[in-house]
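You will see two complexes here that share subunit A, one where it goes with subunit B and one where it goes with subunit C.
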Partner chain A sequence: MKRREFLKLSAASVGALMVASETQALKLPNPLARAPKAWYDGEVSTVLTYCENCFWKCGVRASVADGRVWKVDGYAKNPKSRGRLCPRGQGAVAQTYDPDRLKRPLIRMEGSERGEGKYREATWDEALSVIASGMLAIKERYGSESMAFFAHGSGDTWFGDYLPAAWATPNVGKPSVSLCTGPRETAAQWTFGRGIGGHEPIDWENTDYIVLVGHHIGEDTHNTQLQDFSLALKRGAKLVVVDPRFSVAASKADRWLPIKPGTDTALLLAWLNVLVTEGLYDKAYVERYTVGIEELTAHVQPFTPEWAAPITDLDPDAIRAVARELAAHAPRAVVPPGRHTVWYGNDTQRMRALYLVNTLLGNYGVEGGFYFAQPPYIEKYPHAAFPLEPSSGGCSGASGGETIDTGYRASVDHGKFFAKTTAVQELIPAMISGEPYRIAGLIAYGVNLFHSIPNVARTQEALKKLDLYVAIDVLPMDHVMWADVILPEATYLERYDDLVEIAHKTPFIELRQPAVEPLWDTKPGWWIARELGLRLGLEKYFDWPDIETYLDKRLSTIGSSLAKAKQAGTLVQRGRPYLSDWEQRNLDPFGTPSGKIELYSQSFADAGFDPMPVYEAPEEGPAGSYRLLYGRSPVHTFAKTQNNWVLMEMHGDNAVWIHTAEAASLGLKSGDYVWLENQDGVRDGPIAVFATERLRRDCVYMVHGFGHRAADMKIANARGASDTALMSRYRLDPISGGAGLRVNFVKLVPGAPRPRLPRLTKLAERSV
Partner chain B sequence: MARYAMAIDLSSCVGCAACAVACKLENEVPAGVSRLWIRLEESGTFPDLAMQYRPEQCMQCADPPCVGVCPTGASHVTDDGIVLVDAETCIACGACIAACPYGARYFDERGFVGKCTFCEHRLAEGRVPACVETCPTLCRSFGDLDDPNSDVSRAIRAAHRVEVLKPEQGTHPKLVYLDAPARFGLASEGVPK
Partner chain C sequence: MEVLDPLDPMGPHGPIYGERTADALSAACQIVAALYRSPGEGLRDDLASGRLGKISDALAHDTGLDAPRGPHAPPDFDTLRSSYVSLFVSRVGGVPAPPYVGLARDVELMGPTVQRLRSDLEALGLRPNPQWRELPDHLAAVAEAVELLLERNRVGAALALTSTYLCAWFVRFADAVAAADDSGFYGEMSRFLRSVLKEVAPRA
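Moving on to the complex of A and B:
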């Protein structure tokens, strides 16, 4: 066989998730080559920490040899990873050695505009001093509340909680609330009197019947959840998937309901109708633990499956059958809340409807339904009292501090919606309008402002008006290269963070500790927050000299120490997962005003909202357009991972999914390139077409997080298109403050050029 | 001596590629080539659809066509039945790449042929291959076929269907697929010989 032929053959085995699109230009073999020494051939040490490649925070073991992390594996004693990791966790190490990382502090060149991307290197002292003087000037002129902080990731404890509370601003935004979990958390709070929390407390190991509503397990690889889901199916649990798209979860389902987008509340109301009118609900449970069954019974009478069928485009018999099957398996039947629930702007009510279905099954606090996730016990560091209370930690925690009786002004979005949190997107208008007061400064920590917040043009306009804009990040993301000062953070394998407290069936505490020293002149978030605090006159809140002292002090409150935690990695406590555990101790788990699960919400009625969910038809798009739906790739986290060569080799760009017949009517086939243009004339792309039967004809779908326009991220730049760019509109949920994002419509504009991009293989070779 | 084998339950696999990423880093597989990849198959028309992800890698054949064609003996079978390439004796002639019906071997720029090793280096420490250890759907089982209590033996016994890729090649793979969705049946061969 000729060498050229076998080189071709070897190229055929390239690529994992997708068929490789690149042909390989391989060098000729070196006959003198010897087997390379493997990383594990010498001495390997193991460091226990937790992963940062998504918000799930799995416990990991990092393997270190010759001063480098080579491999990260799951940590068997950690209740989140149980010794396993998803692709993102496995691949996270490639980010640490990414040559495109931010390497030292940068200051925007004098005379350049925000967005031009012109920078000079600076020392940490200069960069921090510039920020501190800018912040102090804003405080002097407008008050401390005029500084906003947007934060996401483990370090949000420093930049979303600790520093903003010490500095005294309630204007703290987390995309993880109003752009993600806000509606489900608000709905749970006002139904059960308890949030859902960062890790959905579904009792997967005991459930026999699962209904997923727009919940893409398998495409969102939340490690523990995926393990539990898979084990439940192996055990024989039945699965129903409600989704306009034949998702990976749908392909595992016993029944797929390809619902018309935006009509989920009608389906949930029909299930409530069947459970009530056919007397299938758990009467003893409802009697004992809920208020409002009479009102609910009257309310759902009109919402028959026949009523819902034309709305949802589903078979009424299938709707009725699922309700009956749910009841037949109750209480070991569950409709888990998805995570990203900001869909149509009436999302709190949809999530209420979903919780009411679960409640009628008698599954809340019961085996096979929802368990009670308890946070672990540990004390805070005994710093001086902050002027404002920090928002609770974790990505599903409330955002924004309470200001009543503090002497500080309420957040600029106060009163725009019912929930007492801030909504990150609602803090932006005050940067432009100065109403109700001006937001003059912003620190963005780990939040991609252009790939998470809708209406990018508005965000860019707002950034231009700020007196001070600081970005703290690992990579030179699109929005980072707009900042006045850019601070390069060390990656998770190079740093300590605050302890994370995971509410779980068995509550636990995880330690983040460095496996290796930070590369270049990068610093951990805790160090940045503290050094900034010292320059802002906040010494009394930062009286701990270093993070080791801080962590050791906190750990001493549970009889542990930093030394012990470094060895253990994860500290597991006992929980109270079921109603029976609470009743034995005479404790009431429900924090609602009535002390019971509220089928009827008097609080909502008093505030002028529907006390029980109603269906609102979603607005339709212009003729010839498709509703823009979006989702996740199992190998990517939001817009964070598209410069990671290992993950990009698995999934290197996104495509726009469109039904085969619709594609044909537009003269398009898979592999063609198009522009996407939305209802407001906003265009993004080029993006490849994926013509498929796996989607309804009234919508298109794309994976979120691609389409970076960041020249210094050599791998991510210009691959695929951005769904966020096409979200020039959103519909505010008046209850949770969530930004409903599925209200945008796009057309496919043929004739876009196939992008000419540098070869991924070549870019990967640059790893340090 | 063991007779190592792997089973992949296709009814569980979601194609997330955790196995492929783990393999890449565990074995320092260069960018552009792969020891483990995932195929997606779809069929049907809306709404009557089916799909399946199938991870593929070296099938660790009991009758490996890649070994006999090797002119230097670099391609060999260990006492535990694992097909390996000795990088030091490999001259990268490519005969084995051509002989493999599964496209499981690739040319490594460093001058040798690479492929799945069943993470032999881990087995020596009592650990399972990196792809098996990490899989978040628990769809992979590994172990000694001669041990009826091994994970792989148990998984094969519990499966409704056990299939291999390209049985007509007579390679007798020791990587088997369990419970593929009915519309994607491969070809039944039963338990590996």
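Moving on to the complex of A and C:
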């Protein structure tokens, strides 16, 4: 052979390396003989940004050396983290350096089916042009409203708000609304005239008595919420936990009320009854700030603890005692609203009942109860007016838009819900049926369609019917590899995003900035949205040349700048947390029609709903089945982190919790493997049994997010079972659009094989 | 086959191995650089012209191995591109053989091995091209580095890079490629190259 020929051949492919200098070493020392230099031995820079590994958005300090992020810590001056960080935050670096990341745009091979997973690489220009061409064809044929956008995460600014509004579609859904906080926010809006917001405004530092209703603090870990909760208990605050399961929080409680699932509203009504009939409520507060106490007094008369006891399966004396203790500690007593509130379908009314208990304690806007979380002041970027206003809402609730004639068709679920919300799961049927009009295209940004939206089979059927399906993500999750075009986003450590405005006791703005350059040919969401917008003829909405210009312009409206924000990371403002702060300024904090807290909602009555909460008995399951309850792992975020070996080493699979006696009756013990089969015959597993007395006998429990089913999934695959897969049913809340998910029942089917899976430590060694 | 002392591959008096080894290594690295980068017109041309087949055959002859059939009867180019994505770029749950030499030794991307590689390349007067939208320890990049060194008659350094970095990847991942490769092409070539590199850099 002649080497010169090979070099000629090679000439076409050379491009990876450059000759730097001719003063080359004479020989290459044996690299393996050298001890590697520790990353922190050299120059280390610190970049302030905020975390993306859950929605709490903790301020972090990223330590960078040699162009790589090595460590992420909490940022002491950030109110979300106060210098501490949870395992998910600390493990997030592994995602940036995950070899399984999406690396460059991919286009589905012509002739292959969605879900087949056959792709070719493409340039950004080609990929974006294919998408733009598809979107414009849909607009031409069906109208712009026939494109839907599903979005989740910090970047949803671009794909859940900005681009859809510029494009003009109301069909924008975020799971954080109808599959999470929708009922909580709707109830708050129609009770207090204010939402709760992404940072629950509980005045932990001043409260003396806490009642958690189905609220798994410590398992659904939100950094400073957990810090504050722990400090409150350390300070001596009393804790009551209402939960069918002896949760981590219950293990810290002074009293655990193992309530029958689905009967929480009955318990709350009984507490209202005690507070009213025993004259324990804060009469001065109620007189001054509320409307409807007479109606409420009459309404709750029948709902005595003795009435609630057989419904809830709780001791009436315990019910009464908690109501009295709440009153004794008021107003420094609080029943926090929790976050995931889509349980049984009547959830807005349950949340109303919870808020009414708090109101009777006189704690709303008062130290030790709820403070008023004000958003920080900052102006939007002065782009041309969008044809439609963003309407999808977010963690802080639905926007409740569509009240004016926009000239565009309403969303396909319009009219279903009193709150005029858009429910992500309700946009899917129109992809199949074409009613009331066809959804022909979908851009899914950061939403795991198969692990967050119930009825997976329906979602897959819908995807097959679309003219265009685009996925924008960081990892090749199951649903991503169904898309026609896949766009790889840079991770949060590699990108800017829009400013985050946190409503808080001290409102603040967080900046996300890149700690390192994006790996491979990945791009930040803002760049993708803008480039797509330009190809769609939406130039006037994207008149900013780059994100730095955009951010600097916005920050200039508060007398700051991007340069200053990069140094500070977090910009804290003054708030108005208590009623007294508002009254000093003659301001009314309550945005209800009456201008007061509405114990009785005339708006609900006018719309044909109960103006005050009423208990509805939950549907019972088939004989021999158990209600399926679910919760969180403190080291995982939804179904997003199960391919992160750092986190999987801490919590590598889920188990199905079942009461010991029930397990024994089925001939099962801890460590056995079973299939879970729901009321519709949907089966998932195998999953290990955890027989325990920490759970009632009428339900089972599992942690959400496990049970990925992908043949080549190396870390996440086949570890545990998926609760979402077993949720073939949900019950809609007609007020908020929330999808009640705790209406599914499962049987445990013995005889499942123990999965033969490689040890996680072995996978970690391979890192693939 | 010459014996290489990895602690002093150049020896005190210059190369201790012959022209044949350098030729074989150069050929192998040409193939690695061509095959493990994103398949484009260059690879299509190399296959259509039979050039890749010729080089593979010659390499097989020189190393006493069976010549791979793939370069003479490759799958259609679309299949090749799809297989490449599925094996090396993205697939549900992750690819079976990420084409990064650091992964053969470390638990994550951009780990200590990449630091060492960068340091080694810098010592040899090489640095990654800023236009290269890949990681510095991509197989194709390392193969190019080896080839550049050979071109400059720095055979010892080329062999050390090969044994330290390239071989480790093929030892670890060649079978994984073969197991997951529907097209058969990349699997066969990965195993062939593993055997070649074992012959050329036996201390790996």
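We adopt the following convention: the second predicted complex is superposed on the first by the 713 of 768 C-alpha atoms of A that agree within 3 Å, B and C clash if a C-alpha of one lies under 4 Å from a C-alpha of the other, contacts with A are read in each partner's own complex, and residues count from 1 in each chain.
In the analysis below, a contact is a pair of C-beta atoms (placed from the backbone, for glycine too) under 8 Å apart; a residue touches a chain by one contact, two chains touch by 3 or more.
These figures come from a predicted structure and were not determined experimentally.
In the superposed model, A:Val474 makes contact with neither subunit B nor subunit C. In the superposed model, A:Leu760 makes contact with subunit B only, not with subunit C. After overlaying the two complexes on the shared chain, residue contacts for A:Phe246 are found with subunit B alone; subunit C is out of touch. In the superposition on chain A, A:Lys714 contacts subunit C only, with no contact to subunit B.
Looking at the shared chain after the overlay, A:Leu427 reaches neither subunit B nor subunit C.
In the overlay built on the shared chain, the residue A:Arg120 is in contact with subunit C alone; subunit B does not reach it.
In the overlay built on the shared chain, the residue A:Thr221 is in contact with subunit B alone; subunit C does not reach it. According to the touch criterion, the shared surface of subunit A, contacted by subunit B in one complex and subunit C in the other, consists of residues 1, 3, 5-7, 9-10, 12-17, 22, 24, 26-27, 29-34, 36, 39, 94, 645, 764-765. Residues 9, 11-12, 14-18, 20-22, 24-28, 31-34, 36-38, 40, 42, 44-47, 49-53, 86-88, 91-92, 94-95, 97-98, 103-107, 109-112, 121, 130, 133-139, 181 of subunit B are the ones touching subunit A in the complex. Only residues 6-10, 22-24, 26-27, 30, 33-34, 37-38, 42, 45-46, 51, 55, 58-59, 62, 78, 81-82, 84-86, 89-98, 100, 103, 106-112, 115-129, 131-136, 138, 140-141, 144-145, 147-148, 150-151, 154, 156-157, 160-161, 164, 172, 180 of subunit C touch subunit A when the two sit together in their complex. Residues of subunit A touching subunit B in their complex: 1, 3, 5-7, 9-10, 12-17, 22, 24, 26-27, 29-36, 38-40, 70-74, 83-87, 89-91, 93-94, 217-219, 221, 223, 226-227, 230-231, 233-234, 246, 248, 250-252, 256, 258, 634-635, 645-647, 649-651, 659, 692-696, 760-761, 764-765. Interface residues of subunit A, counted against subunit C in their complex, comprise 1, 3, 5-7, 9-10, 12-34, 36-37, 39, 66, 68, 94, 97-104, 106, 109-110, 112, 117-121, 476-478, 480-481, 486, 488, 519-521, 643, 645, 708, 710-717, 764-768.
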